[in-house]
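Following: one structure in structure tokens, then a few remarks.
Per-chain numbering from 1; labels A, B, C and D assigned in written order.
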Amino acid sequence: MNKLMSLTQAVEIIQDNDTVGIGGNVLHRAPMGLVREIARQGKKGLHIVKTAGAMDVDLLCLAECVSSVDAGFISYETEYSLAGHYRKAVQNGVVKGNEHACYTVISALRAASAGIPFMPVKGLQISDLIEVNDYFTRIQDPFSGEPVTVVKAIVPDVVILHVQEADKRGNAKILGPIYDDVLLSRAAKKVIISAETIVPDSKFEFSQDKADIPHFLVNAVVHLPKGAAPCSCPSKYSIDRGKLDTFKALKSKEELLDYLDNFNTADYRRY
Amino acid sequence: MMNTIGNENYQVSDIMICAMARLIHNGENVFHGVSSHMPMLAVMLAKALHAPEAVYLNIPGGVDPKPKNLEKYTSAGAELFQQAAAIFPLAEVFDLSMRGRLDVAFLSGIQFDKTGNVNASVIGDYHKPKVRMPGGAGSAVLIPTAKRAIIWRTKHDKRTFVEKVDFVTTRGNIDRIVTPLCIFKYENGELLLDTIHPTSNLQEVIDNTCFEVKYRSIEFTPLPSKEELTILRRIDPKNYRNIEF
Amino acid sequence: MMNTIGNENYQVSDIMICAMARLIHNGENVFHGVSSHMPMLAVMLAKALHAPEAVYLNIPGGVDPKPKNLEKYTSAGAELFQQAAAIFPLAEVFDLSMRGRLDVAFLSGIQFDKTGNVNASVIGDYHKPKVRMPGGAGSAVLIPTAKRAIIWRTKHDKRTFVEKVDFVTTRGNIDRIVTPLCIFKYENGELLLDTIHPTSNLQEVIDNTCFEVKYRSIEFTPLPSKEELTILRRIDPKNYRNIEF
Amino acid sequence: MNKLMSLTQAVEIIQDNDTVGIGGNVLHRAPMGLVREIARQGKKGLHIVKTAGAMDVDLLCLAECVSSVDAGFISYETEYSLAGHYRKAVQNGVVKGNEHACYTVISALRAASAGIPFMPVKGLQISDLIEVNDYFTRIQDPFSGEPVTVVKAIVPDVVILHVQEADKRGNAKILGPIYDDVLLSRAAKKVIISAETIVPDSKFEFSQDKADIPHFLVNAVVHLPKGAAPCSCPSKYSIDRGKLDTFKALKSKEELLDYLDNFNTADYRRY
């Protein structure tokens, strides 16, 4: 089945108040084209899930698309410092910041992937996080009687990923670090993929290097070169410092919408 | 911060990184996460010197990568995939720690108290945070499960080393806390002063620590050796180790 | 078993496999496991005919493989990796079913009763088995979670279709049970006779079934079409579909 | 660290009464050289774990090495019919056959890999297996209050795997189907690998195709061409029907020991 569609069509799959998982890690292979389109379409009330997010979550917070963020870490790395828009949104009570260890996000997604309601987590032992969050609790190991902390499953309604290669059916290949993208694709109800390159259907079939994400998990494929920019896309491009700096200096949603216009040509080009 | 001692110029970051590198033993499984240039360089330095068989684990998942060029903006990028022999990504590193086989995890935090509680989460009330921090990343699950959690923190002040943390993100197997002034070690349920950097002194540590600074004896952190400095400068020619200062 | 009807020779395995193939709809995610030559051929047949976009999942993990040659001794080998576009191995297929997204699972069992209980485990006492069977493989978790579990069994006798199974391995979403004599369907908590193969008759079904054979009307399983037989013989030139007979 | 050693040395790592996980699936890439050496060394009381085993488990049962088997399926596939020695050992009460769904073995190994004491399993709902086995039980999902079946973790003391390529440090690459080998390597305390080929240390480093099993999980590497025979090894060889038939006709442990002698030359060749 041909699932190639425009960026606009693909993002229309996302509904207000959906739980949305985002691929990549900090400034690497974040699906920024899809994120921008979410902002342009003015989605509301999204529940964002990511182990470690940066510009993606920061932008969606500035665009007022977000209701909550479940994550282990939301910040740029050292050089680019904190995610100011996210921070402000949480401090103002606009966005609920649900703190996880990155691993408890992974565990919650693994639970979703296995269709189970919760996942035991070894490492979360003595922690105020257990008491203040309703997605953690302690139960008894029925075999030993010992206490064990568990995290509630997180089932993303939609997951958005940017990859280097996909075919039009949705088979997708990630070059370099995979981060939690494969897990996200298994945990989600729907998967939207943007890809640097659309490869022929035969490519993965005749290669030793098979797709990481099989087509039947994928609902939409968008051909989007530079779809991770201004974040990096391994083997394709590094970060775009100019566009990152400009973004970090934005002060309002209005400025953001202007900023997004700069990407219109790239995001809406038809191939 | 550049300090001249004898004929050599030392940055505090040099001293901290060399101290962190020496805490890595040969053959150990060692991990660091995001925003972690100093641990990244400490692992590379240790592998280049006394711990060639330390196993370098990281977020992208390259096992023992040999990056050609480091990047200023990240310690979680594809560089840490280059020339890796095997792939062992973040989720699996966590699993490894959960089953008790991660030897060293480099982690940070925003507040530490005398009894070893770590706050990596929030200043003020959790539900109405005065300051929303980035989040503790792996700290909450790695500090209790890694055999040795090595904490580094580039701020040593009374807001960091407190009587009682605002929020207990976790507590557990802290081995050392490396700061710009000194190194604490965790023994029998309390933080003790381990060594003072030659660029600081006891009074400065006391003045910048809320809790009582206890110690068995006054020891100083060994200065980086010539060999350590040479290699560190080769690994990090652009001085990224100093970006947190 | 070769049956001549009209001018065509039909093996019972031909009739069973074509019936199983027709139960697969286009676009569905379909899985079979070990010792499953008949389902393997049914999936390939369906994909070659009415269900080209059925997604073929299997133990080795090749998604939609195009095997050059099948092997007599296995339905879980590297053949099912050939020309696959993506890898989705057994563990992930199970996960897929657990989260409600596996459409069809082909499974077997050793005893079935009228109310849809499946015994895939043991004859006699579980702890002191009279006969130790191979084990139910995926049945215990797939029959309740796959949207439709299609059971095939090459024996239809009173030891297989019993009043009450010795052991309830599982029960759940049985769609059809395909035997050498007939097809049962599962509706409103009981097994009903769906169709009788033209090579058998109602009395034979009744004589070989312990429980009362109920039906709405007497229908016969459509014979394999010329096209089905042609393709089946091309896919399985060595007649591996008959090894269970 | 060079972990290359002889077959004899490698198998000496296994202790009597150990829980031993076995790689491969039915007649594919079973670590038969390692299995044979376990039989020759006369290990006792082993607790075998495998999703779907065939000749490997059958041989160890005939050799009287086995105390229990946790598996979803122990049998040859259709053509080669049942695992007669395993079957007899269970029926005689010599071996305890712990029946799993293949997935509950996977879930139990995933629990081991994550250091948690148990794993919820969605699919095991109405089943006598839950009542008759002490490794299954029902608990309450603390979030919804609904019942959920859980399986107890299985932590193999040692896992034995046969792969096509390994370097002397233990980095190992599987060509073709991976089955549950990677999971087993993560669940186990120790891993023993036999390999068709020992590749240079640099091979994986300079390839896009990295090792599936990293060296630090591996305790022993044995250079053992034909180490899966008479089972198949994808991309190397298919089954050896003659040797399989001979094995299936064996009647006693004594006959087995004679049979194993036929492999001595291959198993003990030094490279």
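Everything below uses one rule, namely that contacts are C-beta pairs under 8 Å (C-beta built on N, C-alpha and C of every residue); 3 or more make two chains touch, one makes a residue touch a chain.
Chain identities (UniProt): A, D = Glutaconate CoA-transferase subunit A; B, C = Glutaconate CoA-transferase subunit B.
Keep in mind that what you see is a predicted model, and the values were worked out from it rather than measured.
Visitor: Identify the chains in contact with subunit A as well as subunit B, in label order.
Guide: D
Visitor: Between A-C and C-D, which chain pair is linked by more C-beta pairs in contact?
Guide: The greater number of contacts lies at C-D.
Visitor: Measuring between Cα centroids, which chain is at the maximum distance from subunit B?
Guide: Farthest from subunit B by mean C-alpha position: C.
Visitor: Would you kindly tell me how far, in whole Å, the mean C-alpha position of subunit D lies from that of subunit A?
Guide: Centres of subunit A and subunit D (C-alpha means) sit 37 Å apart.
Visitor: With chain centres defined as C-alpha means, what is the inter-centre distance between subunit B and subunit C in Å?
Guide: For subunit B versus subunit C, the centre distance works out to 58 Å.
Visitor: Measure off the straight-line distance from the CA centroid of subunit A to the CA centroid of subunit C, and report it in whole Å.
Guide: 40
Visitor: On a C-alpha centroid basis, what's the spacing between subunit C and subunit D, in Å?
Guide: Distance between chain centres: 28 Å.
Visitor: Got the subunit C residues that touch at least 2 other chains?
Guide: 98-99, 145
Visitor: Name the residues of subunit A that each touch 2 or more other chains.
Guide: 114-116, 121-123
Visitor: What are the touching chain pairs in this one?
Guide: Contact pairs between chains: A-B, A-C, A-D, B-D, C-D.
Visitor: Would you pull the subunit A residues touching subunit B in the complex into a rising list?
Guide: Residue positions touching the partner: 25-28, 51-52, 71-80, 82-83, 86-87, 90-91, 93, 97, 99-104, 106, 121-129, 132, 176-180, 183, 232, 234-235, 238-239.
Visitor: Going by the contact rule set out above, which residues of subunit D touch subunit B in the complex?
Guide: 1, 112-116, 167, 169, 171, 186, 201, 204-206, 210-216
Visitor: Help me check something: in the complex, which residues belonging to subunit A touch subunit D?
Guide: 107, 111, 114-123, 137, 139, 141-144, 146, 148, 150, 152, 208-209
Visitor: Where on subunit B is subunit D touching in the complex?
Guide: These residues of subunit B touch subunit D: 27, 29, 53, 55, 63, 66, 83-88, 92, 95-100, 145.
Visitor: Which subunit B residues qualify as touching subunit A in the complex?
Guide: Its residues touching subunit A are 33-35, 37, 59-62, 71-78, 80-81, 89-91, 94, 97-99, 121-122, 126-132, 134-142, 144-145, 167-172, 243-244.
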